[in-house]
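Structure first, commentary second.
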Amino acid sequence: MNLEFIGQTLVTLLAGIPITLELAALAIAGGALLGFAIALMRLSQHPFLYVSAWLYVQIIRSTPLLVLLFLIYYGLGQFSALRSSFLWPVLKQAYWCAVIALVINGSAFAAEIFRGGLLSVGRKEVEAARACGMSGILLYRRIVFPLAIRQALPAYSNEMVAMVKATSLASLVTLMDVTGIAASIASSTYQPIPVFVAAGAIYLLINTLLTRAVRALEYRLTPHLRPAQYATASAVTEAGVTPT
Amino acid sequence: MDLARTFELVGFGPDGWGAILLAGTATTLAAAFCGLLLSFVLGALGASAKVAGGPAARAAAETYTTILRGVPELLVIFLFYFGSSSVLGAIAALFQYQGFIALPGFLAGVLAIGVVEGAVMVEVLRGAFLAVKPGEIEAAKACGMNTFLRFRRIIAPLTLRHALPGIGNVWIGLLKGSSLLSATGVAELMRQTQVAAGSTRLPFDFYVAAGAIYIVITVSSGVVFQLAERHYSRGVARP
Amino acid sequence: MTTAVRLQNIHKRFGALEVLRGITLEAQEGEVLSLLGSSGSGKSTLLRCINMLEIPNDGDVWVAGEAVKFRAGRQGQSRTVDTAQIDRLRSRIGMVFQSFNLWPHLTILENVIEAPIHVLKRPRSECIQEARDLLERVGIGDKAQYYPAHLSGGQQQRAAIARALAMHPNLMLFDEPTSALDPELVGGVLRVIRSLAEEGRTMLVVTHEMAFARDVSSRVIFLHKGEVEADGPPEDVFTNSSSPHFQQFLGREARTE
């Protein structure tokens, strides 16, 4: 194993980082949005809404992401109606298939986390807000969501790491992300160990930075959970005054 | 998608792929189960290092969990599968052997998913051990139980009871993770589904069927774990 | 009379905090000692030094005439030398904890027979028979098949006393046995402890129950800031103690009772 080879490998792998990061960002953002909608459905009073949301979450969480990905990438092409529809230019691309699979997969896990966060908001806080005359969207926007997000953030940070790792499956539908490039270098150079270790180091770095960033955000958002001398007043007023 | 046709295809009739999918399912379960055993051993070692180990053992366990929880499972599978071939190839070359040799895909895959989920198991078992109340261990000391007896009769049973839900999650993770072994050619459920999808040109039907089989497995193992939990947590307050 | 426990110049530190500052104490067989003191006075720590749940930093401990072997470590934390000896001594010392500490995965009966079977290696059937008698005696004979979580605090504590008695201990240690109980459950547990005292068992009881200390114990020890401030028969200590701290302590306890 020589250092020069590892250096070259790392440089080649760097080319895969943008696509890995794009997939991860789209999956996290899309998963969060869809997951949030599903969490609200889960918590609604309407039986059809919460039963279908519950079923969705159970089905997606019990199915391997690879099945979902192949179902979308290989399976949808089976329908000629779909192949001739306006959707096909998008659905025939591995990239968008990977994004859709990652978003669907992520949304089921995100939904459960958001649901937990929303359920954690105490009756007392809500009552206090109602006593101030807040209701409906205002109540949710100013009191419930801010509290729920703070509660859900640590668990969601794990979910984001899981999504970054999950993007590696895109390599199995021909995308040249970090894993895809690593697999191709490994098979052409017959030096799999340094290649996969280098690729692993890249993911580890991305996930470490991501975890750090979320932890910093969490710290900023929760001065009320720290001992008084560490909680800066500026953070409190900022969170309280800035319209969100 | 024609349901009657789908059922015929995944069934056990003359044109059915049922037997092949069933064999794949058995391989999936076997891989996940072997992975569970390995992850439990690694988890127990890592958790005891984190709870009671010296600085070196703690640092090693910490490094293990940090790395394996930050790296994609697929990469670890590739590393074990292709990496083993390069190591074994180098060893074989010493004996003047030139052909391609590798760990069997099943073995390399089980090692990989076991090592990955072992990192999760470390935290499951550590958390479960910490949920055992110190007073319950002290009471065992006060009765004159020695370290081994204390572990066997009090600490291990209580830790396992607290760990059951987490072990259930690891098991689900192993089941789903084993689908990635298809990428190294292991003839588990996902791989057999790919073969069937390719030769019938009906990928949608078969991937839906595969998804359904995974759901049946996870839901029924969920039921088993819940029953076990109810059975073993009689009297044990949830932490 | 023979000496059941002897403590000589016991010191115990937790970090910079010195909890016990040179305690010397003896209990004869058949004596019932009540250890009194405000919280933080070191009385629970002293009790736990007898069966080595805490290891003293300095001093000597004898149990049933046998010197317990331990030594002070370098960084202040001390360690036992002979774990087999400690385990053997502990099997002869019954301990009842403030928070009961029953094993939650075992039924009440299984809790009581656990150590006799596995530590003393006695036959199972004999242990079960005896456990049933003990549970009957502490008034929860009908709860043998229940799990601890299904019992009230008072019942759990009585089960814990039965568990300790099942080891046929030469010495019983009670660490605030009624402090975690609701007031209406205290009486039942105290009645059981009192009946054990009347059998002539050797007992050390850390307690806040002044009436119990006065009526049941043969000697009362008052600890203040890790030192023995008063030691004598209850009538002497309660009526004639010259210690101003003890008078203050009595005043506080009277208010809270």
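In this document, chain identifiers A, B and C correspond to the written order of the chains, with residue numbering beginning at 1 in each.
To be clear about the criterion, a contact is a pair of C-beta atoms (placed from the backbone, for glycine too) under 8 Å apart; a residue touches a chain by one contact, two chains touch by 3 or more.
Please read all numbers here as calculations on a predicted model, not as lab measurements.
Taken pairwise by the contact criterion, the protein chains link up end to end in a single open path, with no chain closing the loop.
The innermost chain, defined by the distance from its C-alpha mean to the mean of all protein C-alpha atoms, is B. The leading chain pair by number of C-beta pairs in contact is A-B. Centroid distances built from C-alpha atoms place C farthest away from subunit B. Between subunit A and subunit B, the centres computed from C-alpha atoms are 23 Å apart. Centre-to-centre separation of subunit B and subunit C, using mean CA positions: 47 Å. Distance from the subunit A centre to the subunit C centre is 55 Å, each centre being the mean of its Cα atoms. Subunit A meets subunit B in the complex at residues 58-59, 61-68, 70-71, 74-79, 161, 165-169, 171-172, 179, 182-183, 186-187, 190-193, 196-197, 199-200, 203-204, 207-208. Contact residues on subunit C toward subunit B in their complex (touch as defined above): 51, 53, 83-84, 87-95, 97, 99-107, 114-115, 118-119, 147-150, 160, 163, 167.
Remark: subunit B residues 133, 135-136, 138-147, 149, 153-154, 157-158, 161, 232, 234-237 touch subunit C in the complex. Residues 1, 66-67, 69-76, 78-79, 82-83, 85-87, 172, 175-177, 179-180, 182-183, 190, 193-194, 197, 201-205, 207-208, 210-211, 214-215, 218-219 of subunit B are the ones touching subunit A in the complex.
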